[in-house]
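Shared chain: chain A. Partners: chain B in the first complex, chain C in the second.
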Partner chain A sequence: MTDRREAPFAFEGLDRVLHEKARLGILTSLADYREGLSFGELRDLCGLTDGNLSRHVQILEEAGLIEVTKGFEGRRPHTNCKLTPEGRQRFDDYLAVLEQVLLRARGDAVSGSARPKEGKPA
Partner chain B sequence: MNDIDSALSDIQRIRDRLADGTRFEGFAPGIVALTGVFAFALSAWQVHGRSASLLAWIILALVCALMIGTEAIVRARAVHRAMADRLINSTLQRFLPVGLAGAIVGFVILLQFPEQVRLLPGLWQLLMAVGICAALGNLPAAMRWPAAFYFVTGTISLAVSGDALIDTAWLMGLPFGIGQFLVAVTLYVSSGRTPHD
Partner chain C sequence: MTDRREAPFAFEGLDRVLHEKARLGILTSLADYREGLSFGELRDLCGLTDGNLSRHVQILEEAGLIEVTKGFEGRRPHTNCKLTPEGRQRFDDYLAVLEQVLLRARGDAVSGSARPKEGKPA
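The block that comes next holds the complex of A and B.
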């Protein structure tokens, strides 16, 4: 097993299920709405097609990150998606790792800008 | 603001929103129930010993707050992982002003108006109700019932505070004993559910 100290850029905490553009969009949209969002609202917010959204919602549901409730609003079928408590927790864990990556990048950028450019004298 | 700063600020905003809608799982029902037992025990001891020292209640409140607080921090770190500090801070920010108000009211009445000391149990119960309501965003929705209980008992305690036949110890022990037990049962029954279940 690789020691974490030996591989500081392994970013083990970046959960593969979450680390995908469309799924990040879905989770970020749902983070703002405690009661969840309808399928149509999610589709509009994330700019996805019905088929694409369905596929990503299914992946997130199978991973236990979101809860999908199917019912009716009047006579029309209504699908509601909301983050599960575990989903909130795992998304926050993911964001915490992402934050560390960015902080490290910013630190490197600051120290990098102070460093003389390669091939040129200081 | 460069791209990294802007991304960091977006992440902060999303994490704040996630914490806002997350139920704080730090409060241990067992410890909360134990504080109710302490309240009963102290009132029984005071009634039996014909003592009505409210200072003992202030000390008990501090001990209980320390017990609940310490357990909450330990549990939150285990359960909420990266979100723990945010949830602890937001819960503290909601409870602390009410706790501070209770302490100030207690000390001012004890030091300056000791003849009004019988008002304190009712005032503290009302403040307890306000504290629970303030933190409802991170607590199970059913916690509104213990809050309502404290509102009712606070009103009754204030209304009967002029009746010298009712022992001050019972005005404290009975409502807080039952109230803390209600809080513990609500926390236990709602464990694992979302804040708005």
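The block that comes next holds the complex of A and C.
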């Protein structure tokens, strides 16, 4: 068995619930709009179909990351989605790991002029 | 239909081949070791099982992102994996999008003391 504690590139903190591309878009949108966003606004901001957005919203709600409130605006049904406090915290934690990924990868991945490494991992 | 060109949180550049957590670990490792890494080194750095690593290496190879060379070290079979030039370029492009995600999310997601937004998207 591999000992995951010693695997520097395992990126354990990249929780798959948050890391999935569409859900990452939803969470980033909601982080930006603290009072929440309607279903339609989220759909347009994230470029998702109604069906896809529904599916991902349900996953995020079941994970306790977002709160979904159904009501009416006048006679029209209105669904509002917002981050829960736990969701905000977990998203912050996720972003911290993402930043570590970037820092590691940019060690010499991005500059193009980086020195080649000769060494191998111990 | 949603017009994806106007969806600022669609993150089209987060190519799923690169974005998947295990593959992101593999690519980050290989970006760090320009001469490539053996199968066993990659497995340990990324905290993957042999089976999982094989599967992800195959996906990355088929996508043209990495090059896999099989040979021998003495009598022992030795598999070396390294980024292709295209793989390095696409990983760089991916990292640039990841950085945009972080910048957007950190608009007020991480500081904790950020102002609440009242506005809604247009």
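Note that the second predicted complex is superposed on the first by the 104 of 122 C-alpha atoms of A that agree within 3 Å, B and C clash if a C-alpha of one lies under 4 Å from a C-alpha of the other, contacts with A are read in each partner's own complex, and residues count from 1 in each chain.
Just so we're on the same page, a residue touches a chain if its C-beta (ideal position, glycine included) is under 8 Å from a C-beta of that chain, and two chains touch if they have at least 3 such contacts.
Given the structure is predicted, the values throughout are model-derived calculations rather than measurements.
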item: Partner chain(s) touched by A:A105 [first = chain B, second = chain C, both, neither]; value: both
item: Touched partner set for A:L37, first chain B, second chain C, both or neither; value: second
item: Touched partner set for A:H78, first chain B, second chain C, both or neither; value: neither
item: Which superposed partner A:T28 touches (first chain B, second chain C, both, neither); value: both
item: Touch count on chain A, higher of chain B and chain C; value: C
item: Chain B versus chain C as contact partner of A:R16, first or second or both or neither; value: second
item: Touching partner for A:G47 - first (chain B), second (chain C), both, neither; value: second
item: Overlapping contact positions on chain A, where the chain C interface meets the chain B interface; value: 28, 31-32, 34-35, 88, 91-92, 95-96, 98-99, 102, 105-106, 109
item: Complex interface listing, chain A residues touching chain B; value: 28, 31-32, 34-35, 83-85, 88-89, 91-93, 95-96, 98-99, 102-103, 105-106, 109
item: Chain A partner contacts - residues on chain C that touch it in the complex; value: 2-4, 6-12, 14, 16, 19, 21, 24-29, 31-35, 37, 41, 43-49, 88, 91-92, 95-96, 98-99, 101-102, 104-110, 112, 116-121
item: Chain A-facing residues of chain B, complex; value: 4-5, 7-8, 11-12, 14-15, 17-23, 80-83, 192-196
